[in-house]
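First chain written, first letter: the chains are A, B, C, D and E, and each begins at residue 1.
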Amino acid sequence: MQDFGAAFWLAGELLVSGDETLAEIVVLSLKINAGAVALASAIGMPLGAILAVARFPGRQALVVLVNSLMGLPPVVVGLVVYLMLSNAGPLGVLQLLYTPTAMIVAQTVLVTPIVAALTRQVIEDMDAEYSEQLDSLAVGRLARIGTLLYDARASLVTAVLAGFGRSVAEVGAVIIVGGNINHVTRVMTTAIALETSKGNLALALALGFVLLTIAIVVNGAVGGLRLAMVRDAHA
Amino acid sequence: MQDFGAAFWLAGELLVSGDETLAEIVVLSLKINAGAVALASAIGMPLGAILAVARFPGRQALVVLVNSLMGLPPVVVGLVVYLMLSNAGPLGVLQLLYTPTAMIVAQTVLVTPIVAALTRQVIEDMDAEYSEQLDSLAVGRLARIGTLLYDARASLVTAVLAGFGRSVAEVGAVIIVGGNINHVTRVMTTAIALETSKGNLALALALGFVLLTIAIVVNGAVGGLRLAMVRDAHA
Amino acid sequence: ADRYIVVQSTTSTQNSGLLDYLLPIFTAKTGIEVRVVAVGTGQAIKNAANGDGDVLLVHAKAAEEKFVAEGFGVKRFDLMYNDFVIVGPPADPAGVEGSTDVVAALQKIAETSAPFASRADDSGTHKAEMKLWKEAGIDPTAASGGWYRETGSGMGQTLNTGIGMGAYVLTDRATWVAFGNKGDYGIAVEGDARLFNQYGVILVNKDKLANVKADLGQAFVDWLISKEGQDAIAGFEVEGQQLFFPNAKGE
Amino acid sequence: MLERPITRHGAVSALLPLVVEDLVFEAGGRRLIDGIDLTLEAGRRSVILGPNGSGKSLFLRLIHGLIPPTSGRIAWNGRPPGREVRLSQAMVFQQPVLLRRSVAANIDYALAAHGFDKAARRARTEQMLIEAGLEHLARQPARRLSGGEQQRLALARALAVEPDVLLLDEPTSSLDPHATLRIEMLIARAAQEGVRIVLVTHDIGQARRFADEVVFLHRGRIAEHAPAEVFFDEPGSEAARSFLAGELVL
Amino acid sequence: MLERPITRHGAVSALLPLVVEDLVFEAGGRRLIDGIDLTLEAGRRSVILGPNGSGKSLFLRLIHGLIPPTSGRIAWNGRPPGREVRLSQAMVFQQPVLLRRSVAANIDYALAAHGFDKAARRARTEQMLIEAGLEHLARQPARRLSGGEQQRLALARALAVEPDVLLLDEPTSSLDPHATLRIEMLIARAAQEGVRIVLVTHDIGQARRFADEVVFLHRGRIAEHAPAEVFFDEPGSEAARSFLAGELVL
């Protein structure tokens, strides 16, 4: 139990001290997660909206698939991306293995289904109300998806935050494609895993608290934005 | 790239052969995930609904916190549960460390915020419509939460599936509190991690495909249930 | 930072802090950055065989020689050694504390069914452990799930688990000395010649894997087995204790 | 037919009079209810009239306690509006909010919320469905009903709980002429049995048929509060005069 | 005031006649539209009457192409209903569906969907807001409007796009008497300018004022289709007679 106390102390110290290595790791974590969540949202939201709105054979199966992909094991995603980017792989020439870019790719693969599945649910609920009115206005497919995404934006924030949560907490994929290389691809979660394997549990916990603090700051900022959105979204 | 082909073959073989060790691992995975998702839903749904409906000072902060906890790093959760359950910890007497029960506890901690945060969003959207009518009917707090959860059940399925996805894919926490002990606490994800570290990438991938197949079966079954629900939910 | 190489290595060299100590010395001298990917032995060899590393630094001699024989590696060099130890709880349920006969100790553990946590991950350490069980004439996997606990994890994680459940654990000394979560554990068995743990270093073969930075990798290998590199290894200490013993035979 | 020999919640006048003092409600930077003083006594049927956007629905929601006023006081026989008070009231909203359940389940739900036991709920649900002409739709999903059917269901649900006070916000706007008359009869009978009715309507004919007294709202204020004969025959305010004449009221 | 010198979509009669043959719609195990045959010619103002649940709203949604019929044919001058056809039509729903945007943005959105350019949208939005008496609410969130204001906005949005065919489902049910007259005038003017109007209403007075011809629906069938004078003075069907008399129609 003394580990908890020690961990809190350490976390506080780490946050206050402005330790340079830590700062480097935090910044890289934020960059990678921001990149992955942005990409995943750019892909997942329209995809989810299309799944919510379009009617075609096999749609139900696709919905099940996307829902299932929320359960993609990170290690498997890491392996697949690794095999693609490896020098022995088809994309080896890009020389992206063990770079932050590779980590963003892996995270995007993990997060996209989450954003897409949750978006589908939100948009489907909203479309139940809007559908006939938009039909009546002869709104085209593309514009319809844009409208639904725009009008549901306050609710979609939660979908994006869920994606961010997965991304920021994830270690299995990024450690495989990033390699947890000091000063190059070490992020918060891989650092935590490393300290755990060194038996430095208090330090690992402290890093965990720091990570959680970051998550809270990000969520708080997004939450503030969302409130402002709701206010003039006329929801 | 030959790894992919090999992996598909292997996955097929594994699924067909009815390998006993694999069956054992699959069954344990399902048990642990079902337990964790059930617990997390039992806690997270009412919690999310309360957050959606209740008005009290600090509510907004609590919403941010729950959203942030979607980003709980599994390794940290694993460590915390480990420190609680270890012989040196406060709950050491329970002798739960390295048992499936410990894994369920860790997974529940991870999944509950996801279910709660997504439930909050769904229920908040529905409450925007129901709120005044339920007030007018003088519905009590508890009954109101029950009503909203019940009427939103078709949408809440996606929240639970998101929780299931996180749980079924997760390795960082269960490996720490479960120990990945062969025949005792080895589940799909820890087996995948092990084969990866052995360099048996094809086998690891194959196990990943098996896991994904299981996820698809579960999601398909739940999706079917949900459709039936929508049909007589009069949504 | 264009001049860098990737080293695929086992976790013990990283977790013990050796590489953190060694690499800045090398980089300062040559300007070559060394990026370490520390994973399981099997994974390290597989990654290197995929061409995703320039240098391989592991401790599983048979697998290393196979790697070279298949043409993935140029040549294997002995680099250094340390030793394995068996750590155990103070209660010492198998009564092996102070023993210098590892095979006898394992037999006692099996006889008393005292818990023993094995990595069971095909790592160098695990392979060494299995060899010792074989010498003891015991197939511990028959008791898997009973007193023999196969954790399927890396060294650090297996130590965390083993200590958590009061099991004996075979570990390399370097990882143990640097380990932060020892609890009340101590070394129970050490000093047997059979616990010798040899590390090797291999330059990945450019002829087979075109992307290998052969020049830079060669420079690193050369430095490691040079007198300067070997001295640096010898100079690495944790808590006043030397953890690795250089034994390169030189070119 | 609707049996309502006694009210469940004690003396009919327990909630009356309703006293509203200096009631103000602001939202979106506008003062939407602008200082209303009003007393509604027991035993009368009040109709609230006024142009679109004059604040009729807001006023009902305020006195029902669904939204908190910016300032001012509301007292039902001395008690502020709240859950306790609402247990003896029912309101039909301008746009019905039906639960995602069957038609029958919507009524059953309201009865359960008001503490009716299972047997009573069963009987009363069936009775109310017949009253509202919805018995053939009992098992249908409520939200798939036609506009008029939805409005009838909302009304049946409100009447089912045997309220002492009934707040009705344009309850017949989507009904066909026959259904309108039938619902008016139901409401009139409830009034006779002592239920205090406050009705918002745009149907002047309905107002004439129904009102004992009229409250005329205009721009969030009471422009006139008068007995029905007075209001319809010689309205005191300019706004009410032009409203009745169908002229421009802004 | 509304300027509508020419229709945007070519000849006014391009979409007419509307021919409906043996139209059937089933849902929830019930036959809700039960074999409708009907031809609506250009140049007339049609009113659809019928009791609650008789299928009026379903019929409008069917001919607008919002829901696919179970069987039967619908043809607007030979073309099946679909996006193309709807581009020249507008419908006001019984319950307005407003976007989660400002009042002005709701109109602007419809105009954009119909291909109006930015400048035209600006001018037309302003004009329509004035027509509907909503100019002071332009920046308000549309979904916070009062019931009547919402209905006016839905109407303004439909008129804004200059449709050739206007389908109206009880468009004045929540309007005050004055607003009702004003909206009726707007609709009448559109009709004069050649817009084909199909109006569902429960307001018999409105039907009398407005109809050239009446379609009387009963239980998903056409009980009567007659010129207005005929229908109101000597209705041919028993159902219509009792409907007009306010008697029981089931």
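What we mean here is this: contacts are C-beta pairs under 8 Å (C-beta built on N, C-alpha and C of every residue); 3 or more make two chains touch, one makes a residue touch a chain.
For clarity, every value in this text was computed on a predicted model and none was experimentally measured.
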Chain hops separating chain C from chain A, counting only touching neighbours: 1
Mutual neighbours - chains that touch chain B and chain D alike: none
Per Cα centroids, the chain farthest from chain D: C
Pair joined by the larger number of C-beta contacts - A-E, B-C: B-C
Distance from the mean Cα position of chain E to that of chain B, given in whole angstrom: 49
Chain B and chain C: spacing of chain centres that average the CA atoms, whole Å: 36
Between chain A and chain B, centroid-to-centroid distance (C-alpha), Å: 17
Sites on chain E at which at least two other chains make contact: 140-141, 144
Sequence positions of chain B contacting 2 or more other chains: 88, 176, 193, 196, 201, 235
Touching two or more other chains - residues of chain C: 47, 154, 157, 160
Interchain pairs in contact, sorted by label: A-B, A-C, A-E, B-C, B-D, D-E
Residues on chain C engaged by chain A in the complex (per definition of touch): 6, 11, 14-15, 20, 35-38, 47, 49-52, 154-157, 159-160, 178-182, 209-211
Complex contacts: residues of chain A adjacent to chain C: 86-89, 92, 95, 97-98, 179-182, 184, 194, 196-203
Chain B-touching residues of chain A, taken from the complex the two chains share: 1, 3-4, 60, 63-65, 67-76, 78-80, 82-83, 88-90, 113-114, 117-118, 120-122, 125, 128, 155, 158, 161-162, 164-169, 171-172, 176, 188-189, 192-193, 196, 201, 204-205, 208-209, 211-212, 215-216, 218-220, 222-223, 227, 235
Of all residues in chain D, those that touch chain B in their complex: 61, 64-67, 83, 86-87, 89-91, 93, 97, 99-102, 109-110, 113-114, 140-144, 161
Touch list for chain A against partner chain E, complex: 129-130, 132-133, 135-140, 143, 147, 151, 232-235
